[in-house]
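Paired with chain B in one complex and with chain C in the other, chain A is shared by the two complexes that follow.
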Partner chain A sequence: MIARAALAAMLALAAPALAAPKAKLAALPPYAGAYQPQTVDERGQWAEADEDERQLRDSAAVVTDPALNAYVRRVLCNAVGDDRCASVRIYILRVPVFNASMSANGTMRVYTGLLLRVRSEAELAAVLGHEFGHFEERHVLAGFRAARTATDLTTWLTLAGGYAAVSTAATSHTIAGNFYAYGRDQERAADRLAFSYTAASRYRPGAAADVWTRVMDENDATSLGRHQRSQRYDKVAFFASHPAPLERTVTLRELARKDGDDGEDATDTYAAALATWRPQFLTDQIKLNDFGGTEYLLAQLAKDGWTPDLLFARGELYRQRGNPRDLVSAAGFYREAIAKGDADPLAQRGLGLALLRSGDAAAGRQALTDYLTLRPDCEDAAMLRSLAAAQ
Partner chain B sequence: MIRTVTAAALIALATPAIAGNTLVPAGVPAAVAKSTLTVTPAAEWNRLGARPGRAAETWTLDGDTLNDLTFYGGIETGQPIVREVSRKSKPLPHFSSTMLPTDLPALLEASYRISLDTPLVEIGTVEPTTFAGASGVHFTYSFTNPADDVRRRGEAWAAVIDRRLYMASFEAPALHFFDAGIEGARKVVATAKLVPQGR
Partner chain C sequence: MACPDGDPAGIGGMFMTRRLKRPVAAALWVCALGFAAPAMAQEKSATREGFTLPASAKARILLFRPRVRVGSQSTGGMFEPNADWTEQSKRNLVTALGAAQNKLGHTIVTADEPVGPAAATLAAYRALFATVADAVITYQFFPGNRLPTKKRKGAAFAWTLGPGVRDVPGAADADYILFLDTEDQFGSTGRKVAQLFAAGLGVGITSGVHSGFAGLVDARTGDLLWLNADRQMGGDVREAAGAAKRMAQLLEDFPGSVPAVKVAAAGAAK
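Take a look at the complex of A and B:
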């Protein structure tokens, strides 16, 4: 009760101008605070995680921008509370994949692909809260023990079977299955804990389900674009370490419905904080050679209208695939981006190259000349000048 | 003695039987990458048995990843420039003979990003050049392989001749090795020509 009152007071301090306070704040489980590894297994694991973190800290893939790092930390703190988030070091990694992870020693890795895909602080809070849930419950340690027990058992069983000349395949299969099912139970536990964080925070808890729905749809779009069969989301693969996304979505929606799905999304503040980074994250996504998935993602980001940066990205995506019809579409997207007024000058470059490649030489050369006027010192100026001049 | 045998056994395990590395003698024209693309090195190089792609071949001075001079000999439309890492989950972009000179650096960039699993690949200057007797593109690039976190610099020459892509690239760690090796590589690439078939 006291903890709850304190939490409410803290939230009130953190957000003095909160427009619509939540009708109901769920109580968070008490947090143990600074924790030191206790057993041999755990100390070994922390030592490994510490070593990984030392390497991670010096990795060229870490995005060091102080403003972005401070923003992501603020969202995590808003989600799980200041006492909890103080134990976490956040590393934003330039990896164009939807993911985040957390090590035993409190290292949180947030991928830029996640930042590109979530649409609001509430969604980001849901994902970060989920990862923090693993940390708080010390799932890594429990998972390591379960893995070791499962492999030990399998090894001994195989040996014993060898001596006894009986097949142990079926039993090994069961042990392996139990291990992966165990991983899925952990994921469910982390989902539940993450839900209680967001329920107790200023954010709307139902946002978690929205994220999973879009992940499923994007995976489908990727498969479709590659002429592959869509994945089944209602079944769990034997070796899957995560529960079926559909089950997750349904459970999270149900939790949100029971708890009362109120709270803020903070969509605008999220967009503002990510504005300077979105062009780079989009570029990284486009160069993945995933036409279907990227096209879906762009359409999702353009839900409230196609902005110049999204139109430019779509032009680049189509020009990269390079079928004759794609080049025509690409030129159209670049033109739309330019017409909106504040497009990146690179849209002129894309337009010129798309037109040149589709055979419209005169217009293409003109667009390249326009680009070179805007950016005379660009790194490919020599090549573009030669293309613009060629007859 | 035992140690030598063990080492030999390890090497035999590490490289497939067909992947013999061979010496490229100086001053003798050498056809590269299973094609008619021919270069005449002024100094000795080592030809690696392991190929980065079906129509590609790598030479080195001090060892793979320390300095790699790679030749791509006649990549056809619809083919990736290097071997696919996973055709199903991470397909590489394919070359097309309709590509513009500016699309070739982008092709290399996307192929590296996907096969090395990192967005840390950047194209630098791009300019017109003559390669293997045809007009083409010369470009610089840099990348960091997440496997070793070493930043490497690269320089490449490419041209589309008879609807096929011919390319040579030199890449080495930005620290010391690139500057130490690039002049030698440029000299080799300058001798590149397509020898008409039937000779």
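Take a look at the complex of A and C:
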């Protein structure tokens, strides 16, 4: 008994030592909380953001589940520190694309598509840290001023050109180019700052680079599926708001190599926290009608094996595309999902519809009957009953 | 011409904002050149057929937090929000509305800000109203853009938010719901000077944006009873007198209102 207690005490002592800050970077400066906007411009930006946040707060798109919100907040606080994270309100928005954003006043928007795509707390921390970096550096205000200077200059230049009868198009283009380059520099600064936060936290800072690698791969898969040319990652477009993902990957990997890439990923805790949400996020993803990208995403999520929710999602994806061969594949995925047990009852529905469309009427009707037994009061019960009735 | 005021969702999307930004980018540079289209002749208000506010019976009109944006317009045409002006104007407009309601002869009740599910319902209906009002302005008031069913002479003004408005907090005790929305961008000195120089070249650019709309919705059926939208309004809302003038313009043609509310055509503050 005493030995066990001693062991527990030793472990308790060891745990913080293991998770102790390991950054070789300079420590973050102290953070003054409850910042109030100062100038006319900044107060104007904050007032607009406050008004937007009032609307956002009551929006139907916000996922209000307390557990999920508390979890995402905890990851942010772990990443940037408790003093910093207190100045941010997080809104999880049910939008199935990979993104997050930050307003001038500390309104952080996190899309569910992002939560579906990142694989660990360390990766999520990198993204949230990036957004927080925009807030700490007051990038919205600086960006607003840069845009105003650029448009003012262009106006004067165009007028002067008008009077002098000289074309000023080239110079205007340069001003525009500089403005967008300025925005990309802000993104680079936010990436670096996010790296500093995570390097000082318990998380592995190099995880950020993994996110961008997968973003590029998923983009390529989407392009391939849509028969479009894939994006170039070795250079940026004129109006690009962000640096190319390749540049971000290389920069972040280099930072991680120099700083020593240690810390925890917390992959398992992340998976556990998102487990109840993944089916809904997958359903939303499938509605994007992005076969190539979704196939890639599902394969990534299934790295450690195909679970019933992933198989069901893949069945839905194939059934949605609906080529005869897809319906055969879909039926296979539904059956696998059902065979593993614990599958969404909707797998029976999908199986039934896929089989009916494939000409296997008897088995299809049976699957629909099974579904109706499981969910007699489902929304489309009347229609399914008519399909399940023997012809 | 409405110019984008930066990235509405704030800066710093991780990735995808790039795709959204491109049209904004193009618009930004067009704005910077600042050659605005001349204002088209446009209808400003309409009343649902057969609707008049009963003058004798006092109706209860529920007013929701008016959306007020006030700032300046930069030389390049960007909106520069100003927190002080917005606060001041909001106060002025609410005071002006209080004074105007006596002339209307009805009781205006300011709605409390709800919390919980009621807040979500209200947010949904505010968004719906904004969408419907925008559709009316774009597809019925604006002659060049009318929907086929709105092209006929005397086309019906028939728009509704649906009977679900009854669930909006406070609607149960009210007869009508009033929505107000104003946006003011005062031309900066730079903008005004640029306007002069542009005029020298024979090019017209606008300085300042002063738009607003007011809408009345039946609290039981959800029908849009009256809408008044003006993209060139008068009255400096930062001052009490100007706000009173703006409110009078907003409530112009209010169904069943006393003619005294009407004011002369838009004035100097434009």
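The rule we apply is simple: the second predicted complex is superposed on the first by the 364 of 391 C-alpha atoms of A that agree within 3 Å, B and C clash if a C-alpha of one lies under 4 Å from a C-alpha of the other, contacts with A are read in each partner's own complex, and residues count from 1 in each chain.
We take it that a residue touches a chain if its C-beta (ideal position, glycine included) is under 8 Å from a C-beta of that chain, and two chains touch if they have at least 3 such contacts.
Please read these numbers as outputs of a predicted model, since none were measured by experiment.
Enquirer: Superposed on chain A, are chain B and chain C clashing or fitting side by side?
Expert: clash
Enquirer: Counting only touches as set out at the top, which of chain B and chain C does A:Asp41 meet: first, second, both, neither?
Expert: second
Enquirer: Tell me the contact category for A:Thr107 with respect to chain B and chain C: first, second, both or neither.
Expert: Only chain C is touched by A:Thr107; chain B is not.
Enquirer: Just to be sure I read the superposition right, which of the two partners does A:Leu356 touch: chain B = first, chain C = second, or both, or neither?
Expert: In the superposition, A:Leu356 contacts chain B only.
Enquirer: Looking at chain A, does chain B or chain C touch a larger number of its residues?
Expert: C
Enquirer: Would you check which partner chain A:Met383 touches, where first means chain B only, second means chain C only, and both and neither mean what they say?
Expert: After superposition on chain A, A:Met383 lies in contact with chain B alone.
Enquirer: Given the touch rule stated above, what does A:Asn289 touch, chain B (first), chain C (second), both, or neither?
Expert: A:Asn289: touches chain B, not chain C.
Enquirer: Have a look at where A:Gln55 lands relative to chain B and chain C in the superposition and call it first, second, both or neither.
Expert: Touch partners of A:Gln55: chain B and chain C.
Enquirer: In the overlaid three-chain picture, which partner chain does A:Ala190 touch, first (chain B) or second (chain C), both, or neither?
Expert: Second partner only.
Enquirer: Taking the options 41-49, 59-67 or 257-265, which segment of chain C carries the C-alpha atoms that clash with chain B in the overlay?
Expert: The stretch that clashes with chain B is 41-49.
Enquirer: Which chain A residues come up in both lists, the one for chain B and the one for chain C?
Expert: Chain A residues touching both partners: 55, 58-60.
Enquirer: Considering the complex alone, what residue numbers of chain C touch chain A?
Expert: So the residues of chain C touching chain A come out as 5-18, 21-22, 25, 28-29, 31-34, 67, 69, 71, 74-78, 80-84, 86-87, 119-120, 122-124, 126-127, 190, 194, 197-198, 200-201, 203.
Enquirer: Give the list of chain A residues in touch with chain B in this complex.
Expert: 55, 58-61, 94-96, 226, 228, 284, 287-289, 320, 322, 353, 356-357, 379-380, 382-384, 386-387
Enquirer: Which chain B residues qualify as touching chain A in the complex?
Expert: Within the complex, chain B contacts chain A at residues 88, 90-93, 96, 98-103, 105-106, 109-110, 113-114, 118-120, 123-128, 137, 139, 144, 146, 149, 151.
Enquirer: In the complex, go through chain A and note every residue touching chain C.
Expert: 37, 40-41, 43-49, 51-52, 55, 57-60, 97-104, 107, 109, 114, 127, 130-131, 134, 139-140, 143-144, 147-148, 150-156, 158-159, 162-163, 172, 176, 180, 183, 186-187, 190, 215, 237, 239-242, 245
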